[in-house]
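Sharing a structure, written as structure tokens. Questions coming.
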Amino acid sequence: MSEGNRVLGDGTAAASGRAGPLDHSYVQVRSTRPLTLPDVDVKARAGETAAELSGVQRRRKRVNAIMLGFASVSSLLAIIPLVAIALFVLVQGVNSLSLDFFTHAESDVDAFGIPLGIGNTIAGTVLIVLVACLVGLPIGLFSGIYLAEYGRGRFADVVRFLADVVAGIPSIIAGLVGYALIVIPFGFSAIAGGISLALLMFPVVTRATEEVLRLVPLSLREGGLALGVPRWKVIASIVVPTAANGIVTSMLLGVARVTGETAPLLFTAFTHPYWEWNPTHPVSALTVTIFNYVNDPDPTKHKMAFAGALVLVAFVVGLNLVARLVFRRRLAGRT
Amino acid sequence: MAVVTEDKGNRGLRAQNRLGDRAFEGVTLGFAAVVVLSAVVLLLGILTQAWPALSKVGLGVLGSQVWDPNHDRYGALAFVYGTVVTSLLALLLTGVVGIMIAVFLVELAPPMFARPIGFLVEMLAAVPSIIYGLWGIFVLIPLLIPVEDWLNQHLGFIPLFGGTPAPSGSVLIAGLVLAIMILPTVAAISRDVMAAVPDSQREGILALGATKWEMVRKVVIPYARAGIIGALVLGLGRAVGETMAVTMVIGNDPHVHASLLSPGYSLAAVLANEAGDTVNTLHISALFELGLLLFLISIGLNVLARLLVWSVNRGTARGKRR
Amino acid sequence: MTANTSDAPARMSIPQDTVAISIQNLNAYYGPKLAVKNVSMDIVRHSVTALIGPSGCGKSTVLRCLNRMHEVIPGAHATGTVQLEGTDIYGPSVDPVQVRRRIGMLFQRPNPFPTMSIFDNVVAGLKLNGRYSRAQLAPIVEQTLRQVALWDEVKDTLGKSAADLSGGQQQRLCLARCIAVKPEVILMDEPCSALDPIATLRIEELIRELEANYTIVIVTHNMQQAGRVADRTAFFMLNDDGTGGLVEYGTTEQIFTAPRDRRTEEYVTGRFG
């Protein structure tokens, strides 16, 4: 094949004076139409590969470096506030913690009428969250099982959609509804607060449970059924335990979230300065107390608010760590 | 021909199992029904409580700034304005950062680092709202008041930075706190949708001689576009519903001010502050009407976000043939 | 012709002035694991060179080393020299981005960009390197699509998404996208394995047409395909130590009719593979 037949439009062959390609006897070569548009000639490109870049290429490199650099430090913009908040809570709270803090209720006041401790609020929070768990977790778990194992068709779609709707309600609305439906007829109580929190807790558990159960391979279910195990037992003893990790994770995260909630408790659980174990009575919650004390002019109350904040954050963060690390889930990036 | 003999002993067992199956299914169905019920009760509850105000005041809530329950004046414009401005401001501040964090986690970070950094970003979401409020009051406000003063002095001719900064808080600071609070949402969901972009797409553009940033900009982000918008919408939805952190740093002033440096109010905040002591039944009903408004905005944003994110994750994005 | 020793790959000698790519002592790693050991061979300009061998023997890895795509995988790297027209693309100051402008790639599964129209897909590579007006780009689009025999099929739907095309059409679109930036070399990684036989034949026709203007290196599982399109063929295999390596390299005719290495003979006669 002669050189004239091989056209690239940029004169490589002519410029370097190299011989044409080897003769092939068994392949037919048809001529192709040349690309006639102007282009950077290959020698210049050879130079670019060897690090003498033209202006356009230098700009591309620069933009790339800047944007990727920005991306790399962007995570700091998230981590810095996290660290700042953690340090703030730690520093402010540590000084104010004492044994009295835990062992006294708000009803135990000193000579100036200032509470000696807010142990009752911690107990109150425990009570409220307990109610929320008793109500919300079974709803979440079993509705999730329904969606994964039995749910087909319209009704299941409706359930899913409504679970998503309820998942998205602002926490204050949950509190308002609890107020309207429970407090107005029955008065303030831990149960009212607990139910409001349950509203915030169960939808996430529902969706997470369904997702995790769907991941359990069909072969596991079929194996159980083939052995003659009744379907409900296959689900309860084989499928759910296999998915237990994911389910427990979502439950722990749900508990962590509602423990930190304030708005729904403002007018459901109300406040109550005494140790209280009866859920039908109003109780003080830690979060609401922190809010009230911060708004109070008394500096001692401020200190107690910070101590409370430290206890709250320690619990919530601790629960999050347990949920995410111990019950491992896949996170971050591509595999 | 095979002869099938009835095993009478097992028949009873099978009936028992069927009972067990039925019962179990019934129980789960029951709880699923509870889910539906709770949503219905929720909506009905708000509607019935809001009804008196809906019929008396109705859309008038959006007509005026004057919120004076003692004189039956229920103009919620200031609250709506505050909610909208703080949420949009939060999204503006967070959006790009959140997406860039996702870019870092998916495209840049070595797998060893991506996990812990992703974890730390998600931990921002675990911090309770009231803690953000505390931090806002005691750290951010003192820190930013000189900044606000500076903005006011030098850029005060722009209405956005006019007025006088108040020590009780401002729309700007509320927007900033919200930005930090919704950052993990935007980053995490963006990361998930970007990670779902097939590698073959990345290789395709790289093989043409693209830089990594060009790959992100021209292929990864467009492919994940719907999901990223979904992430932003979901973040917006979270910001709209935030209560405690906002009410602690926004100043709780029920007026519309043009300046970001002035205090303001939000729908969620007014509900938190006033639902505890209302002057009359119309007052509480009006608050429920605001609650309904907030509820509807929230649901709307959430549903929209889910549709967008779902469309990417299920691969219905254009191009997933075969 | 070099005589065959049992440990050195049997190779023909090639005149230096016809060499487009010279691979010398290429070793490719995935993390700490050596996947391809000590490959050396010369690719002749404006010809088709096929890389064949059983699965997992490293031929795709070698191919991807030629345009520095191998290192895109986290932890992967390569050592050795790959000279493109005399310049070592693994040189210390060489930017892989620039290498890939000169060496293009066609992938096993067609990967057009679904968010771009057919038109934008074709010029995607061009637009990275400068601003061109629609008027400047339209003729390029037409010519490249004609070159890949796709123009008549899509000329009225250039604005539509590439996702609506068939597999064979998508692969030709990707080829058009590839040649629009006028690379010197086109690497093809089993480009027909996801296509039906008719689409496969069309791609093979195109390969023979493009050979006049491009140097083509193709990895293929299909020996008949290598016989149909390739001027030269290199046979790879897994060694006993788990690394892949070059066994024999010669003209296609010689490899398939008179292989010098026993392992090559066993593979091409179908005794394993």
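Structure notes:
The letters A, B and C name the chains in turn, as written, and every chain counts its residues from 1.
Following the convention adopted for this analysis, contacts are C-beta pairs under 8 Å (C-beta built on N, C-alpha and C of every residue); 3 or more make two chains touch, one makes a residue touch a chain.
None of the values given here were measured: they were computed from a predicted structure.
With steps allowed only between chains in touch, the distance from chain A over to chain B comes to 1. Inter-chain contacts peak for the pair A-B.
With centres taken as mean CA coordinates, the chain nearest to the overall protein centre is A.
Most remote chain with respect to chain A, judged by CA-atom centres, is C. A straight line joining the Cα centres of chain A and chain B is 12 Å long.
Averaging C-alpha coordinates per chain places the centre of chain A 44 Å away from that of chain C. Per-chain Cα centroids separate chain B from chain C by 48 Å. Within chain C, the positions touching two or more other chains are listed as 97-99, 101, 128-129. Under the contact definition stated at the top, the residues of chain B that touch 2 or more other chains are 111, 211, 214. The set of chain A residues that touch two or more partner chains comprises 60-61. Every residue of chain B that touches chain A in the complex is listed here, in rising order: 17-18, 20-21, 23-25, 27-32, 34-36, 38-42, 45-46, 48-49, 97, 100-101, 103-109, 111, 114-115, 117-124, 126-135, 137-139, 180, 183-184, 187, 191, 195, 199, 211-214, 216-217, 237, 240-244, 248, 268, 271-272, 275-276, 287-288, 291, 294-295, 298-299, 301-303, 306.
Only residues 67, 69, 72, 74, 97-101, 104-105, 107, 109, 111-116, 124-125, 128-129, 161-163, 167, 174, 177-178, 181 of chain C touch chain B when the two sit together in their complex.
Against chain C, the residues of chain A that register as touching in their complex are 1, 5-8, 10, 12, 18-22, 24, 26-33, 35, 37, 39, 42, 45-46, 48-51, 53, 56-57, 60-61. Per the touch definition, chain A reaches chain B in the complex via residues 60-61, 63-64, 67-68, 70-72, 74-75, 77-79, 81-82, 84-85, 88-89, 92, 138-139, 141-143, 145-147, 149-151, 155-156, 158-159, 162-173, 175-177, 179-181, 199, 202-203, 206, 230-233, 235-236, 256-257, 259-263, 266-267, 287, 290-291, 294, 305-306, 309, 312-313, 316-317, 320, 324, 331-335. Within the complex, the chain B residues that touch chain C are 110-111, 198, 200-211, 214, 218-219, 222-223, 225, 317-322.
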